[in-house]
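In what follows, chain A forms one complex with chain B and a second complex with chain C.
For the complex of A and B:
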């Protein structure tokens, strides 16, 4: 008999695996760096934070002592919070540095940062 | 065990990101691919820790999440005053 919490954890893990593969395909196939940043957000937030939340729910129902389950639960939540807080900051800094270093925006439609910094 | 099947898409995504890290035309592409694969590796490490009951891997995952953030910021500051040859 499979509980409702385990089923929810499996659903979150499946969504996370799907988002990870979709984000990785986008990072392989997209044309330039600033479009690839978009796919990398899908890969990080969808593919890493959502499975961590699912693992936090899953770890409450494993056959172990309550202290070990609490360890898994709290650590999964802490890592998810760390990734949510730090990934946008790193991505933003990297995008700004890449634009300033002159990474080409190849199929260019609109570049407001270049017009503003001219 | 059911968790094994959920490790397969994460490993496949990390392999595809490694392709981008090797073949990326510019340096920010490589940094981005390695940063994303580090986040995915954190989730994979927590999954393996729960699957095999090795709770020391959780400490490694926390350290890896913090270290990838610091590495990305340092490389961004390094790239800011420098033009990428293309």
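For the complex of A and C:
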């Protein structure tokens, strides 16, 4: 007998796998560095934070003592929180460094940062 | 250092110590007082780290963190952010990735931000970067402006961009951090 919590955990894990594959396809298809960062964000938030939330829910239903389940639950949540807090910093640092180094933004509609720094 | 300055320094120290000790308890999995040696080690370690870093990490008064309304608004923001903003942005970018014609109009636009505190500015920037489709490329701290790489530029006007990208985050985070 599978409970609702386990089904929800499986669903979150499946969504995470789907997001990771789509993020990889986006990395291959998108035309330049900056647009590829958006595909990488799909892979980070959808592909690792959501499965970690699913793992936290799943760990509540494993056959073990309450302290062991609480340990797995809280550790999964802390890892998810750390990824949410640190991944935008890394993405921002890479984007800023690439723009300063003159990586081409083509194709583009407009580039307000280049106009402002000129 | 004046008396009020010392009191606020103590508040910052206690706040960071409690936070670090809470993380230690969760990570170590020690929930019973029978293993008091591990709990004591954690308490001493968090106090030492907090004594060195609390003045560097916390710039605004520590009493702000004691207001429960701010915590409730922050949790409400997290629920809104992950259940609505993230889901909508993910579906939008996944659609653009998988569509055969790949309908993207990328570009860097400037978005003004009205929040005053560093925490608020950082929270808005992280929210923008963490939603797929928008990445903060640079920050103009003097004029309080973000330069955002946007996957679907519909307008180059600053106020239109603000209402499309950062207004929902800004309005909710203003009541959490300011």
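By our rule, the second predicted complex is superposed on the first by the 118 of 118 C-alpha atoms of A that agree within 3 Å, B and C clash if a C-alpha of one lies under 4 Å from a C-alpha of the other, contacts with A are read in each partner's own complex, and residues count from 1 in each chain.
Here is the rule we use: a residue touches a chain if its C-beta (ideal position, glycine included) is under 8 Å from a C-beta of that chain, and two chains touch if they have at least 3 such contacts.
What you are looking at is a predicted structure, and each value in this text was computed from that prediction instead of being measured.
Touch criterion met: A:96 reaches chain B and chain C at once. In the superposed model, A:87 makes contact with both chain B and chain C. Look at A:110: by the touch rule set out above, it reaches chain C but stays clear of chain B. In the superposed model, A:78 makes contact with both chain B and chain C.
Once chain A of one complex is fitted onto chain A of the other, the partner contacts of A:14 are limited to chain B, with no touch recorded for chain C.
In the superposed pair of complexes, A:46 makes contact with chain C only, with no contact to chain B. In the superposition on chain A, A:58 makes contact with chain B only, while chain C stays out of contact range. By the touch criterion stated above, A:67 is placed in contact with chain C alone, chain B being left untouched. Common to the chain B and chain C contact sets on chain A are residues 23, 25, 37, 68, 71, 75, 78, 87, 89, 91, 96.
By the touch criterion given at the top, residues 19, 22-23, 25-26, 29-32, 34-35, 37-39, 41-42, 45-46, 67-68, 70-71, 74-75, 78, 84-85, 87-89, 91-92, 95-96, 99, 105, 107-114, 116 of chain A touch chain C in their complex. Taken together, the chain C residues at the contact with chain A in this complex read 23, 26-27, 29, 31-32, 86, 90, 93-94, 97-98, 102, 104-110, 125-126, 129-138, 140, 147, 149, 151, 153, 156.
Only residues 10, 13-14, 16-18, 20-21, 23-25, 27-28, 33, 36-37, 40, 43-44, 47-49, 51-52, 55, 58-59, 62, 64, 68, 71-72, 75-76, 78-79, 82-83, 86-87, 89-91, 93-94, 96-98, 100-104 of chain A touch chain B when the two sit together in their complex.
Note for the complex: chain B touches chain A at residues 2-3, 6, 8-10, 12-14, 16-17, 19-20, 26, 28-29, 31-33, 35-36, 39-40, 42-43, 46-47, 49-50, 53, 55, 58, 61-62, 65-66, 68-69, 72-73, 75-77, 79-80, 82-84, 86.
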